[in-house]
Structure formats: structure tokens, C-alpha cells
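Labels for the chains are A, B, C and D, by order of writing; each one numbers its residues from 1.
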Amino acid sequence: MINLRDKGAEIWERQGRLGRVGIALGGLAIAAALPFMGGTILNTPIADYESVLVYPIAMYVLMAIGLNIVIGKSGLLDLGYVAFFAIGAYTMGLLGTKTDLNTWEILPIGIAMAMFSGIILGVPALKLRGDYLAIITLGFGEIVRIVALNLGALGRSEGIINIPTPPAIFGIEYRFDSHRIYYWTLLVLILFAIWMVRRLSVRRAGRAWESIRQDEDAAELLGVPTFKYKVWAFVLGASVGGAAGVFYASKTLFIAPDNFTLQISILILACVVFGGMGNIWGVILGAVILGYLPDRIRFISDARLLVFGLVLVIMMNLRPDGLLPRKKREKAIVKKDAL
Amino acid sequence: MVYGVLRMINFANSEIFMVGTFATIIIIRDLFKFTQASEPATGARLWLILATALIFSMLVSGVLSMLVEIVAYRRLRRMNSGVLAPLISAIGVSMVLAESVRILTDSRPVASPRAMEKKFIGQFFDAGVRIDNTIIVISALILFAVLITFVNKTRMGKAIRAVSMNPNAARLMGINIDGVVSATFLVGGLMTGAAGFFYVLKYENTASNIGFELGIAAFTAAILGGIGNIKGAFYGGLALGLLETYASFFLGTQWKAVTVFIVLVLILYTRPNGLFGEALTQTRA
Amino acid sequence: MKKRGLISVAAAAALAAASLVAVAPASNAAAKTITLAFQGPLTGEEASVGQDELAGMLYAVKLFNAKNKGKYIVKVVQADDQGDPAQSAKVAPGIASNKKIIGLVGAAYSGATIAALPYYKQTLLPMISPSATRVSITNPAAEGGAMGVPVFHRVPPTDKVQGPSLFKLATKGVSSPKVFVVDDQSAYGVGLVDYMKPAIPAGQSAGFDSVSDKTTDWSATISKIKTAAANVVIYTGYFPQAAPFFKQLRDSGYTGILAGGDGVLSPSFVTLAPASVLEGVRLTAGTVPLAEISAKLEADFKKSMGKASGVYAAESIDATNVFLSCVAKGVSTREAMLKCVKAYSGKSLTGATIKFDAYGDVAGGAMNGFEVKGGKIAFTGPVK
Amino acid sequence: MTSSLMQLKNVTMKFGGVTALSEVTFDVKKQEILGLIGPNGAGKTTVFNVITGVYQITSGEIIFDGKSLSGMKRYKITKRGVARTFQNIRLWGDMTALENVMTATDTHKKSGLVSGLFGFPVSRREEKRDKARAQELLDFIGIGEYADRLAKNLPYGVQRRLEIARAMGAEPKLLLLDEPAAGFNPAEKVELAATIRKIRDAGYTVLLIEHDMSLVMRVSDRVVVLDFGQKIADDSPRKVQDDPRVIEAYLGVPEDAS
């Protein structure tokens, strides 16, 4: 129990290629089958189990993966991640109601908007370090919400209603209540995000981020263009947040500034740290648990958030590196894979 | 200040502040039996009430702050767990504190009865000077002076500064780190408690959810002035307050936060260490 | 170490589950069990509104259960949406698919209502909200039609009715009013202002301000009011902010009229500031506080619920009573409940007629005026 | 051998009122080992810091390979061909030795995020080549067997050597070594001296800060001596050792004569 991560890694490394594919497919199958397990112990009282799977769980997972690029990989403390989520959602809300574009067409626009704002914020903010960056990003998150709250075009506090659902693709229809379909679509998005992150972290960019996180000065003095990579991390994180936002708006049909409070940023941050910063599986696990828990314990109604807070304190004290911490252990000296 | 020593954001501090406001109200309302209809106190009795409330609020917050340190931070600090784990732990503690108080107060805001009449005691340029504000400014200055003396002159103060500069060296010098950190939290809590008292004196209201927003504002002020720099935090708070007032007057209240944010970015961009900051970003190559 | 953590979590969960079982009422074999639901913010920052409304509903249900002992047992499912549309969107499908629930009091907030509506409409779950007053929900002229039809109903008059009424009440008897309106940036507050604006005659407006409901220091707004030389100040928001705002305004030397809408009309309001400060504050609401209806009612409420009644308490009780009267008629399905609610015609606590129009609003929907006198909220008659 | 790779011209560095370097002028010739010595606080590490762009010099000029370095971004300076080690080891502890070196070899690679993301053949090829190159460097420096170990778990001596390998990974023309022998025993020092010569013979130019006189004198082709921010000698090791000013600088502050 002490070192789940290493156990997992060991099993993984012992497998041949076939075994690995098997494990991956098995995990995927379980994830895909989750909507059918509503009748079991997993069921959430009061809140609808399948909707909980979509939001918060899958949505949190996606955002936590995105935030993990920023915090876990390159060590930048971003407390305003919700801003990118909001920008994606408002892009969808605005274009979805004012133009004929559909969700799939807006998705890249929303991602681009989020990335663009990532650059706008990142270029001045990333010159700063640590805590200053934290406060600037925190401010940015609030500013986006306040702008939405005060700009007539964004519906002010009334928000935007009647946002269209995605049109059918491959004969799959998206109705507002077909939670499973949304969940599976999100699963695909999540897989794509995982693929992107893994791809990047084994190569150059991953090394550059890792070196920045551990010792930024040394990195720069050894030729890593730190600023460029920090902006990239920020922008990539933003793109994932933006994608989540577009899809979210298209699912709930209605968005308002209240959906994008600082609490979301903090919660997503909690997911990342709780699960294990820098380790994508840990982050996913953290997001699943923190997304799920508040709804699972609804039966204690009044003290719900109190218990949630307690769990955070206890777990952080017991496992400060998160449930599945980043790799601390050296790879077993296995000779190069037969590839 | 706690921040300066431990190099971390104490999210729970705003909730400690919130508890401090309740402590003050308990004294005024329950110990001295004030109601909304009662006449404000005068003379010696007024000073007695104010002093009791201030001390009680400081004590409650100070002790609570120490408890928070023990519950949320101590173990993590011993394990050298970086910045983020304590941060999340502190968020957890904040949630527990805020939600407990919310349940205890039936989710309702609580008002402090008026113990002191808000008299105008003079003119300062064209603005009226009110007694409550005067008391707050004077006591804040006194506390500020005491704090600076404490940190600069006393043994404990020196120990705190030593730990803040280099915990490992401090430990080698035989300083009891746990003790020092506890003391730091105690002092930080005392100050926070005093802030809670001032808040009640001025606004006469509180609720379980006031901590969060105020915490952000306080944190911004600390950043603006320069982290870990008591003087900087003081001026930062002052500057922030002025800025907010002017911004809301000229641009409309709803854009206040936006203005403050932009100014903050500009300041940090030109002076990356805050207005009075020490050089934190200096490379230690 | 990990194990210990899990065990303690499990223990906490088990404890909570046990206590849940303990509070559940012992079921009575002969009685018919009916389930209603409440949706509103019960935890988090907005909890005060939801908790007060829930108390109103539980009070009405308690009375009903006591009266119909052996015949009916009405249970209430509490759906906490934290006043947040995002939370609402995941709670609503759960409530909608729980076929035992045949009526919903709520949602408390308009935003949460809108997020939940698609699910309730699909499963024809009748809703009666005590406080969601956004006009567009029942406005057939709104983009896409009245989105609340057919399931949504509400007891309080909409912002469209209240906005102008509030202005009328606030300026009553003032010879040359200069009105300054402050909203709390919430959908409720902004909505009220939007519908009040057309009712303000030219030359009578001294200005508007929009201030976050997290504000604690009002000096910026106050200096605006003073510069504008306003003699009537209207606050469209909720009582937790209204009390400190009014207090700070009075302390700064303002002597004009203060007024607020039904968000301010809470018995707690007068406990939040010295009586002298709040003397003469004018308020509007579709209903009246319990204490005003009868001191006995408020006393009974306090005894029964363990706390004083809060904001929208009367509305919650009225909304619940609509459902309960249908239950008493033997209604036990959503379809029947919806039909029964549509056909309902009865008296509110204050004696006004509750009857819903085709879009779910209470027909007529007159506003009542109130004034704070000697630390109490006193009814001053309908606003005409 | 005589053409110069880098010239410092009247370099002055002031921190507030303190002058750390004052009108320092010397040049580094191609493929030589230049020792930089001086008592504590003489400004040796400051020289490294101004060359690598950690500090912007107050006045003067640094010409590297025919181009001025002033105002250039730090990573660009590295890219132009200057790489350094750190006096207090600053490896990336959570990365393996190989990854540490590979991160530095990335300095000169073209393929960026996008091609890395889609696994373009360019990126794949480069990755393979980098890996081979990094392993080669580790072998060269004599720590090849530690390639897959996390840097923080390596023995002290290996960490010191890894610092050198990492700097070499950036393919510099000029290698700045900041006290590479600190904490070494005599046997290790001898070995290190051989390694440094080997590095020079492989075509690199080395600027070496070292406290251990015997090591410096043994490996350096030439020695520059700094005292209180000023150059007091610049000559062959033998002549420097006999220079009265150098002797005074060291003996004048006996507690620093290490």
C-alpha cells in the first residue's frame, strides 16, 4: 500500500508489448463501462450518477490534465486556470447562439481563443516567478469572470442561455440528457490529452519542462530557452482548459459567470496535488476522487463540504506527494526494449 | 508575515480572520450584553469593552492559528513536502473552518451591536474624521510598531528571522524550529485577530463567508508591498486601498478589480519584487 | 499509513450513514408516503438563502404530516445546488429521474433553475419556486419562448412587477426625488434594475452603481451617492449586504430615503444594524414576513424549526402548501400533480389568491410595501 | 593556438556600491586550459556569471567568437558556445544522468514541440542521435554506467563529473568549470586533471576556477589571478607562482589560502 506508484510501474515494466496493450485496453474498458455501473455502490445519492460522471468527474479529469502540464510538468503555480475554461465556454456560448457554427466547428476556435489568452497572460506573467505568478494568474481568473459579469454582450450575470448541443457525428446523436454520449466523447478528449502529454513529456519538451521545474536558472544557463517553454506549457494547458470549456457549454446549454469562480481553479489545483503532481495517472485519480466525493457524500447534506475539507487535510498529511506521486524510483535496469 | 517566514501562502489565514471577527462580536454582544437597541457605551466602560474584545479576539485567533499550523502544516513541514501539499492542506482547513462556522450560525450573517457611537471628531481637509477610524488607525500603528520591535529586537524575533532566512542553518544553531514556527503562527494569528477586531469595529458585521475575498485582498496587498517585508505589506495595503477607491470612483465600482489587477501587473512587471521587496529573484549562481 | 487514512474516512462515512438512518422517520404502514424535493443552495457561500427557504418548506411539511397522521407521510429530498448552475445541472437529472419525487420546491436561484429546466421539462416534474424571479423564465416574448412552460411555477411576482413597484414605493411622498440605484451584480439585482429603469421618469435618476455582493466597504459607492446628491437610495440585492450598506451610508451623514426589494425583507435584516440606522427603510415583497402575518406563527415557526424564519420563508411555505394541498387530494404522480398545480386556486399565508397563469406566474401578483419601524418590519399596505 | 576565442575588455561589475570586478581584461585562446584563481571573494565566480549573462556588466565588453555577448539572453549565449558547471552542484535531481545530459544537448536541436508531438521522423531521429551522444559524453567522462540513475542518488564525485558532462552536452566551444574538484581526494583530483586535459584535447577550450593550487598549476596552460576584483597576474603557471603580488595576495589573507 505504501508505494502504489512503484508497484504499478513495476507491473507495467515487466509486461511485454502485448501485456501493456492489454492493460491499457482493460483500463479503458473499465472507464468506458462506468456509466453502466450506476446501480452499484458507486451510485451517487440525489445527484444523477451519469451526469456526475460527465461533470464534474470527466470534466475535472480533463482540466486537471491540462493544469498538470502547467504545474506538474513545468512547476508554474497557476491559480487562475478557470479563466481558460471560461474563455472556452464563452466562446461556445457566444458563437453557438449568435452564429450558425456548431460545436465541432467552434471547438478549434475556442481552443485557439484560450491559447491566445494564454499568450496574452503568459508573456508578461511568466517573466515573474513563483508566488507572483500565482497571484497574477489568480487575478486573471477573477478578471475574466468580472468581465463576463459586466459586459452586456456576454449576458452579464444572466449568462448565455440556449446554447446548442453538438450536432450528430458518425450517426451519434447528442441530446442534452444523453449523458453517456457526452461522457464517452469526453473520454476521447481525455485520451487525446493524455496522448499529447505523454508524447511531449518523453521528448525534448518534457526534459526542458522538467529542468525548468527543478532548477530554472541552471536550465537557462545550459541553453534551455526557459521562457519559450514556460509560455508553451501555459498555452498548452490553456488549450486543454479551452476545449473543456467549449464542451461544457455545449452540454449544460446555459452558462453564467457563477460557473467560473475561483473555487474551480482551486479545486482543479487540489485534484492535481491530491492525486500526485506530475504523474498523469495520479492526477486523473485525484480528479476522479475529488469530483466524485462531494456527490457521493451528499447524504451528510449539511456537513458535506466540511467533511470534504477534512478529507483534504487528512490525505495531504498522510500522502503529501499525492496518491500516486511522480516517479521517485529509478527504472529497473532493463535492457533496451526490443523495438 | 507568516508567509515571509515559511515562504508559503497561508490560505487558512483568512478564515482565522473570520473567526476573529466572531470572537469580537461574542464579547460585545454576549459578554457585555449589547443589542441593536441599546445605547452606545461611553467613557471608561467603552475602553474596557474595546480592550477586552481586542485581546479576546487576538487570543482566539492566535491560538487557532497555532492549531492550524499543528494540524495542517507541521507534519508536512517535517517531511519537506514542497509548497503545494501544505497549500491544499490549508485549503482543506479553510473549508472546515468556514463550513463549521456556517453551520453554527445557520448560514446567516451576524451583526455586532453598536458599542461605540460613530462620532465625527474633527475635519481633515474636507473629509470628516470619525472616531472609529481614528482608533483603528492609531491602534494599527501601535501594533505595527510593536510587531517591528518584536521581530527586530527580541530573541524570538531574531529566531524567526533566522528561520526565515535559512531553516537548516537555524536548526544547526540549536534553534527549536517547531517552537519558532508555532510562535510565528501565534504572532501572525494575534495580528489577524486584531484585524478581525478592527473589521468589526468599523463594519459591525460578519459572516462565515467573508474570509475568502478579504484574504485575497490582503494577499494582493502583501504582494504589492513585497513579500516577507512587513513594512512593504503595510504600505501595500495602503496603496491598494487608495487605488480601489479611486478606481471605483472614476471608472465605476464594477471595474474596480480589473483596474487593480492591471496596476498590479504593471507594478510587478516593472518592479518584480514589489514596491519594497527584497531581491528574491536574484540568481544564486 | 494509507490504510489508516482509508479507515478513518470509512469510519466517518459509516457514522454519517448511521445517523442518517437514525433521523429517517419511522415509516407508518398505513400511511401513504409522498416525496417532494427542495432545490437550492444548502452549503457554500450562498447557503443562507437556501437554508431559510428549506426551513420554510420543512415547517409546512411538518405541520402537514402532523395533521395527516396515519394518512400521509411527506418526505423531503434536499438537493443542494450551491446556487450554482453547474451544480444544478448535475443534481437536476438525479431529481428528474427519481420517480418518487412528484413535486419540487425550487430552485431558489434563477440561474440554477434555467440549468435544471431541460431535465424537469423532459420528465414533467412540477416545480414551484419561492424566489426565482427572473422574467425570462416565464416570458413568452423571450428568445425561444417561455422556457419554463409547462413545469415551472413561482409564487413571488417577477422582477418586472417588483422593479417599478419598488421605485414607486421608494419615491412615495418625495417631492423632487433624485434616485440612486445600487445592484449587487447578481442576476436578481441586475434584473430588478433593468425592469426599474423604464419606470424612472426623466430627471429623477441620480445614477446607478453595480457592486459585487462580496463588498464589505461601501465607501466608493457612498461617495458617488453624495456627489450625485441623491435623496433616495434603492438597493437591489440581499439583506446580508443591504444592512451594512445602509449602515455605512447613514454613518456617512446621508439622511434621505433607503429602500430595498424582497431580497432584503428578512427578519434577520433588522438584527444586522442598529435600530436607529434602519428606521424608515422601505421594502417591497410579494408576500410578508411570518411575524407580520401573526406573531404566533413566527413563534411557532421558531419553536418548530429552532431558528427564526428567514428570507422567502412565507413564499416557501406557500409554494409547499400548493403541493401539499394536492397531496391531500390524493395526488401521487407527477402528471396528476402538474394538473393539480395548474388548476390550483387557493389562499396564500397573507390571504392573497394563488393561481398560476399559463406561463407559471401567479396571476395578478401585487406587491406589498413595508417599512422598518422601531427595529421591526411593519406592513404598510399594497403598493399602488 | 594563438587565435583568441574570447576577450574580456575592461569588464567592470558593480552591485550597488560594491565593485566586484574592476576593469578586468584578459583573453582566452582557442583550445587552451586557462586557470582562473584568486582568494575568496576575488570575483572568480562573478567572471563566470558575467560571461554567461547571469549579470549584465556595468561597463566594458565581452567578445566571444567575434561577437559581443552583452545583452544577449542566457540561453542564446549557451547556444553560441559557452557552457558552465556550478560550484554548488545544480543538477536536475529528479532526472536520470542521461536525461540531464540530453536536456543540454537539446540546445542545438531544431525540432520543437509540434514535431515532437506528432512524432515526425526528424524528431525521432534526433532523439535517437541525442541519446547516443549523451551516452557517449557520459562514457567520455567516465560515468557511463550511471546513465539510468537519478541524478540525486548519484555519489558526490559522480555528480561533479555529471555537471561537466552536462555542460559538454550543450556542445560548447568554451567550457567554464567552477571548482570541479571541490571535495575530491587527491587520487580523484589526479584523475580529474587527466579528464580536463582530455577534454581540451578533444577540441574544447576550458576556463577553470579552482581552489586547489597544485591542480590548477598542473593542468593549466596559463593562469589569470584575480584579487579584489582586479587582475593582478596573467602568465604561465610557473611565472605566476613566483609573482610577488600573487604571493602577497594569498599570504596577506592567510585564512583564505586553501
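Here, a contact is a pair of C-beta atoms (placed from the backbone, for glycine too) under 8 Å apart; a residue touches a chain by one contact, two chains touch by 3 or more.
Remember, predicted model here, so these are calculated numbers, not experimental data.
Asks: Please identify the chain lying most centrally, where each chain is represented by the average of its Cα atoms.
Replies: Closest chain centre to the overall C-alpha centroid: A.
Asks: Need the most distant chain from chain D, centre defined as the mean of C-alpha atoms.
Replies: C
Asks: Just the number, please: Cα centre separation of chain C and chain D in whole Å.
Replies: Chain C and chain D have C-alpha centres separated by 72 Å.
Asks: Measure off the straight-line distance from the CA centroid of chain A to the CA centroid of chain C, and report it in whole Å.
Replies: Measuring from centre to centre gives 35 Å for this pair.
Asks: I'd like to verify one number: the distance from the centre of chain B to the centre of chain D, where each centre is the average of its C-alpha atoms, in whole angstrom.
Replies: 48
Asks: Counting only Cα atoms for the centres, state how far chain A is from chain B in Å.
Replies: Whole-Å distance between the two chain centres: 33.
Asks: Which positions in chain D are in touch with at least two other chains?
Replies: Correct list: 52, 54, 86.
Asks: What residues in chain B touch two or more of the other chains?
Replies: 99, 212, 254, 257, 283, 285
Asks: Which residues does chain A have that touch at least 2 chains other than itself?
Replies: Residues 149-150, 217, 221, 302-303, 305, 310-311 of chain A each touch two or more of the other chains.
Asks: Once bound in the complex, which stretches of chain C touch chain B?
Replies: Of all residues in chain C, those touching chain B are 43, 45, 47-48, 50-52, 185, 209-212, 214, 216-217, 219-221, 223-224, 239-240, 243-244, 247-248, 251, 253, 268, 270-275, 307, 310, 375.
Asks: If you look only at chain C, which of its residues touch chain A in the complex?
Replies: 1-5, 8-9, 12-13, 16-17, 20, 42-44, 77-80, 83-86, 89-97, 110-111, 114-115, 118-119, 122, 134, 136, 143-144, 147, 185-187, 189-191, 210
Asks: Give the list of chain B residues in touch with chain C in this complex.
Replies: Within the complex, chain B touches chain C at residues 36-37, 99, 102, 106-111, 113-114, 118, 128, 130, 199, 203-205, 207, 209-210, 212-214, 244-245, 248-249, 252-254, 256-257.
Asks: Would you mind writing out the residues of chain A in touch with chain D in their complex?
Replies: 196, 199-200, 203-205, 207-208, 210-211, 214-215, 217-226, 232, 236, 326-328, 330-331, 333
Asks: Under the touch definition given earlier, write down the residues of chain B that touch chain A in their complex.
Replies: Going by the criterion above, the answer is residues 9, 71-72, 75-76, 79, 81-89, 91-96, 99-100, 103, 212, 216, 219-220, 223, 227, 254-255, 257-258, 261, 264-265, 268-269, 272, 280-281, 283-285.
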